[in-house]
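Just below sit the structures, each encoded as structure tokens.
Below, chain A partners chain B and then partners chain C, in two separate complexes.
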Partner chain A sequence: MKKEPKAIIITIVIMSAILSCVMFMQFKVVNQTNIEEIETMREDELNEAVANWKEKYEQASKELEDTNERIKEYRDKLQDNVEIKELVEKELAEAQENFGLTEVIGDGIIVTIMDNEEKSVKAMDLLDLVNELKVAGSKAISINEQRVTNLTDLVDISTKYIKVNSENISSPYVIKAIGDKTHLKSALTIKNGYFDLLQKEGYNIKIEEKNNIKINKYLNDVTLKYIKR
Partner chain B sequence: MIILAICVGCVLGAIIGINLPIIPYTFSSYLAISIVAALDSVFGGITSTLNGKFNFKTFVSGFFGNAILSILLTYLGEKLNVDIYIGAIVVFVGRMFNNLGIIRRYYIDKWSQNGKEKVNNVEKRN
Partner chain C sequence: MNKKWIASILGIMCFILTVAVVTQYKTVKNASQIAGTNINSDLKTEVLKWKEKYEDIYSQLGKSKKELEDVREIASNNDSSSSDLQHQLKTLNALIGTTDVQGQGVIITISDNNSITSDTVGVLDNINNYLIHDRDLLILVNEAKNAGAEAISINDERIINTTSITCDGNVVLVNDNKISSPFVIKIIGSPEAILGAINRPGGYLRNDLEPYGLVNSVEKKDNISISKYGGVINYNNIEK
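After this line comes the complex of A and B, so read on.
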């Protein structure tokens, strides 16, 4: 066999290396494509997005259908005045319950927070607590018998007083929440959660589970004076 | 020597290729067309070696040039919404078959000549 120049040998090595490298890359792509299509295919990601939007669209159209059906129900019952009165009253009661305009009773937890000599509870602390309870699934919350609704204000006035629903309240703060008892309690007593944080700050905080808690209704005016439709 | 170089290169490339990350599926068509172009140049090189017209510079430039050009053409085709890569594949594969035919005929001729020579030798002795 005749001796080849070094440059040619090196070039041939590089060329065959590139060719087989590219070929094996391609083999790998072709092999993997069937297994994890979503990861390798950009088109597939788009398909997934399309599927998501379709699902959302279907959900929306289903809601529309429901609403249309309800309208139809009203129309049907319009002929019978007694029945429509019942229907509207039922809806009204439901809406009032959702908004906090009715007294409610249920199982839940009672949280008591007290000021100590050096520190007093801030409105932000109570707001945090209310939010934690809402996250944990509580549907009815009151602070010192003041119902917390979406119109509730929660403001510091002085070191000793906090304004809730435009009423001044002071320590001890008793927060009642209706919901899944264990769920609510564990949401607060989780490690480094709300309970730990307040105890570290030096507050006196107590949590107890209780059945048949009564939560008052929202007492302030709820008419919309300045909102134009 | 050259065959040894090719083997070493192939093994090296295979090891690198297996360990490289997966490229997105969209780009794999470019890779495929460049592989076909490179293989075409390889067979072209073998054919010209057999014909005694092998030029190393032409071979290397064809190997890389065809691969890159075919990728560019595929890209252009995608932009124009024309499947240019089909044309490229037809040309390359057609040429590959041509070259393979030439290689096959060369070796058939060689072997049949060897056989004839043997027969001639035997007849001469007799």
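After this line comes the complex of A and C, so read on.
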């Protein structure tokens, strides 16, 4: 008679604890699925989202395959105790291409902007243009043959000069961009888009689609001083 | 005494359990309402399915990349002819944005000025001046690069060569991902050069953002960590 209440309490406490755990787990699952964002989407947006995730999945899955293949190649060389130089060279060549250290050729558009008597093109105008081209999916860009890389900055030096990659350039500004040319062009020429805006400002601007555009490689040194290794 | 104790403990427990059950019932009901009944529910499941598949494979990819780095490191330790190449490769990957990086630099925090609303803003003033825009971020990133920045992120979105910064209603899109105020810009590079450029009188931060109360802090830091780009870099369009 004396033991019973204790046993009951302990049983209840344990059961409650288990129940609470289960519930918390379930809450978490429901929270994680993050349905809110897609809740408000329309059908075409949903279709686009599916296509988007699918493409991302396929890219990642290909990249995973390549990476695993590469790991295997290194392992094999390690086991046979032979030089891995060739493998590193291959990876390095890819990285150089990604960064912009190789010349590339492809279809795209060429934008030409010129100063006029009253107005000269500002670094900010070019910065906006580069950003617009990136939004439209451009894969490689150059301004007056200066390759735009992840280290590239654009600064006004005087009314007539703009500095790109520590090189001074001046009007006419010729911006080459490789990517889907129709898409690139339409992104710039939509109503009240970049083209309209610059024309309204009084600049002379021209956009042409072109095949086999050649874009120069980045010519400056690539070194690290502040990133630790 | 004993019985009262048991009764009250039981009472409290029952109460808590009831609350939990009710809350959960509501949550599940909400969730199924969202996913259920209308025509689009299949599509919604499809979106979630592909998103999950992507997230799953992406985390596998992260592990594989790490493994590749390790095995490459081990392999080049045995092979002096390729250690220099490996060094160059690491440098490029850090600059491209495919690896996590650490180093000294500057952290800038800017945010919308919430003390001004469309009701309290002056007649000749514009509420837009009190909000951070995509262009503000674009300009600061460009200034940081001008000061020799080696790696930059905004709210943990790594700036890579194809990164665009645009606005989408009330949020900013960086790498096609939504971010919003406050914006934390991490920059690795020479702290002196970056502080000099960012803080200069007449510079963008001091001249165009600070007067509107948009600047929270500009701090020099000895050890900043910037994570790698959260996607796959794809350069398929380019011929060689």
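The rule is short, and it goes like this: the second predicted complex is superposed on the first by the 146 of 229 C-alpha atoms of A that agree within 3 Å, B and C clash if a C-alpha of one lies under 4 Å from a C-alpha of the other, contacts with A are read in each partner's own complex, and residues count from 1 in each chain.
One rule holds in what follows: a residue touches a chain if its C-beta (ideal position, glycine included) is under 8 Å from a C-beta of that chain, and two chains touch if they have at least 3 such contacts.
Since we're looking at a predicted model, the values are computed, not measured.
Q: Using the superposition on chain A described above, determine whether A:I190 touches chain B (first), chain C (second), both, or neither.
A: It touches nothing on chain B or chain C.
Q: For A:I157 in the superposed arrangement: first (chain B), second (chain C), both or neither?
A: Neither partner.
Q: Touch test for A:T11: chain B only (first), chain C only (second), both, or neither?
A: Touch status of A:T11: first partner only.
Q: Which of the two partners, first being chain B and second being chain C, lies in contact with A:C21: first, second, both, or neither?
A: first
Q: Chain B or chain C: which reaches more residues on chain A?
A: With both complexes superposed on chain A, more residues of chain A are touched by C.
Q: If I apply the document's touch criterion, which positions on chain A are contacted by chain B in one structure and by chain C in the other?
A: 8-9, 12, 16, 19-20, 23, 26-27, 30, 33, 41-43
Q: Of all residues in chain A, which touch chain B in the complex?
A: Going by the criterion above, the answer is residues 1, 3-4, 8-9, 11-30, 32-33, 40-43.
Q: Quick check on the complex: what are the chain B residues that touch chain A?
A: Residue positions touching the partner: 1-2, 5-6, 8-14, 16-18, 20, 22-26, 28, 31-32, 34-35, 38-39, 42, 56, 60, 63.
Q: Taking the touch rule as given, give the residues of chain C at its contact with chain A in the complex, in rising order.
A: 2-3, 6, 9-10, 13, 16-17, 20, 24, 27-28, 31, 34-35, 39-40, 43-44, 46-48, 50-51, 53-54, 57-58, 60-61, 64-65, 67-68, 71-72, 74-76, 78-79, 81-82, 85-97, 101-105, 135, 138-139, 142-143, 145-146, 148, 150-151, 159-166, 188-190, 231-235, 237-240
Q: Which part of chain A faces chain C closely enough to touch in the complex?
A: 5, 8-9, 12, 16, 19-20, 23, 26-27, 30, 33, 35-36, 38-39, 41-43, 46-47, 49-50, 53-54, 56-57, 59-61, 63-64, 67-68, 70-71, 74-75, 77-78, 81, 83-85, 87-89, 91-92, 95-102, 104-106, 123-124, 127-128, 131-132, 134-135, 138-140, 148-155, 178-180, 222-229
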